[in-house]
């Protein structure tokens, strides 16, 4: 993969406020890359730094091998889809899409209408050219914003929380659209979002950010299965945490997990590193199971009492209490035909597998 | 930043004439010109002893107070109606009530003069001026009170009604205290407008001139110019004081109702 | 909402109407009726004190025939036009500065500072300009004392220029505020989007900011142009013989010459001219804006 965007040692201060801390980041050509994190973590600041709307206090931003220091936004090979879409209300859809073409002397005037029509077709708005921009729905506006940015054939498309203003159904539809679009156009997409589900679905790689720093940078599966820290684990999906004693940390890690007991796991299940002493172990709700009556298993079992039952339609979430652990742990079970639903205070057994444990520092 | 420089230069241009007032009000010379001649408070002293001035001030105060009260009342009605559900022609009626804002004052003065004197045969008196001033001050009251009423949470009144208040008592116990800063603001602004207003007063004044009309009469006599400067200094200081109070209250009113300050009452 | 008979009013609507009634009735009585009276009067004649109510076009005839009235009207429209142009042009950068270059928490302070002079006595402000621009006034004596000029400048008072300067000063805030409001409404991300798409800051202003601020500019133009036609004080104090405007003539007819009908007719003619010009301006703007789309 060829690197396209390289951020080295980037720091950004707003007065005393340290917005971006020591950012080292490489984004490759053709990647669908996401910046994920809670509000205020600096992801939008980082995006705007790449776009050229913010400068950096220290460090360098390189795009396509060129240093972007001093290069203003209008001269960078990036284009942005704004959170509010920023569609010009006093122009038609076609005029909006053609807006950036005016300064492009290399594109013949006679070619422009056809280009606009192609761009609109690509986002599914063929024939909308003459509509007044202010009369569009949210989803339509977003498509116009996409067409307007993509018609200029940028090296990078930056998207600032593009789906946050849409309702759930629209959002799911657009997620698929964006993936399809990115594959079709083949350029790098950088997406900023606070929705971890969105990032997991669409991205090739994700950088999870907290308080101006990158917590972990990996592909979605690695992030989900091998989070390096409690923070990352909690932010992506649901995670149960159990206190554990690390008794040895050589090429095999020996653990004594509260409530579950002793076990051994390979190094790769401790992505953040493990040291001897007290630690924390994480396990996802779907990696645990309830042993219903009449079922058998050859996995490890531990006794439990049901604390809370939440029905979700396709899944049921059980909060159960096991001996030796203060907080209840959450287990998700698919609602299969023939499977009973337990009640509060029922006695049951929990199935667990050491291979699903993640050791955290 | 050249724009900042331009704006500051613009502000200097706006304030320049007013700055002259205190300079020449204390200047010991009968001619308003440079170079300055020395400090004196004679002109202010003269103000204190001129009976005609005192009469004119008394008149102006009476007119201004009454006008402020009336236009604030009318403004409250209109602003309250403005925040309530729409009915046909509502926009047209509101626009009509706000019309005096863009009409040249002389048209208002002249048409009222015609009606009052020639058609109704009424003599001109303070009340004709009050009527006219109320007409032009009400749109300003509405503009200010609109802000106050828009910021009101409608569920506050509903809560009061739900707890047993009548509409009238709900108004006095819940709504009025919350729009009070706007009310005071509107009162002060209407008062200031009426106090300073000249054209209409000039046309409609009866036997008792208002203060601006009195000043106008002084302008003919060059010897009285420094006294006018002194009077002007007091007037301007008073206006600025009243306006500052009105602005502070307006801001507090917005903060109390939990809204955001968008800058200015327009 | 429960279904209602078509045309019936809800209780809230009725209350709304009731509340709007007093101000509306007041405006009707004191604005509409007198304006109607003026229109009527313009068709009557007056001989000293006696009013002849036979319908006649004599007043309008006189206005059309005697060249002085047309000259005055023309001069008034010219002055108002120039004042409007100057005021709005000078006001736009100030409104832009406060909207785009001032921190939001400070904006109302700047606006407050800008509008304070407007609230002080108009009469006194006009008079002060006379003091500033006069033969022995502040500018002349100041410049003479500083040795910059030997003879006092005479082109700055008692003519149309003086009237224009004074009116531009008086109406400045009227122009700044509507433009400011329109600029505030512009979504800032539109400006960033424009730059992101390749426009410089300057071309962004002309392609995005200026077109979107046009409603404010139109409002500013109207708010300055229409009332300045009726200004009487400034020409009286500053205009000299050659600087009198139509409002002065109206005042003269009413008060000095006791010819209310002629004054009324003049007022109507002035208002109609102003309204006509304003309508043309607004319509042209609409066409220009739509034509660009």
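Order as written gives the chain letters A, B and C; numbering starts at 1 within each chain.
The definition used in the following text is that contacts are C-beta pairs under 8 Å (C-beta built on N, C-alpha and C of every residue); 3 or more make two chains touch, one makes a residue touch a chain.
What you see is a predicted model, and the numbers here were worked out from it, not measured in a lab.
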{"item": "Length of the shortest touching-chain route, chain A through to chain C", "value": "1"}
{"item": "Furthest chain, CA centroid comparison against chain B", "value": "A"}
{"item": "Distance between the centres, which are taken as Cα means, of chain C and chain A, whole angstrom", "value": "57"}
{"item": "Centroid distance [mean C-alpha coordinates] between chain C and chain B, Å", "value": "18"}
{"item": "Computed distance of Cα centres, chain B from chain A, in Å", "value": "58"}
{"item": "Parts of chain B lying in touch with chain C, wherever the complex brings them together", "value": "1, 3-4, 6-7, 10-11, 13-18, 20-21, 24, 31-35, 73-75, 77-78, 80-81, 84-87, 90, 93-94, 96-97, 99-108, 110-115, 118-119, 131-132, 134-135, 138, 142, 189, 192-193, 195-199, 203, 212, 215-216, 219, 225, 228, 232, 235-236, 239-240, 243, 247, 251, 261-264, 266"}
{"item": "In the complex, chain A residues that touch chain C", "value": "51, 53, 72-75, 78-80, 82-84, 86, 88-92, 95, 99-100, 102-104, 132, 148-149, 152"}
{"item": "Residue numbers on chain C that touch chain A, as the complex places them", "value": "187, 189-190, 192-200, 203, 207-208, 211-212, 289, 292-293"}
{"item": "Residue ranges of chain C in contact with chain B within the complex", "value": "9-10, 12-13, 15-17, 19-24, 26-28, 30-35, 37-38, 41, 51, 90, 93-94, 96-98, 101, 107-108, 110-117, 119-125, 127-129, 131-132, 134, 136-138, 140-142, 145, 169, 172-173, 177-178, 180-181, 184, 222-223, 226-233, 237, 247, 250-251, 254-255, 260, 263-264, 267, 271"}
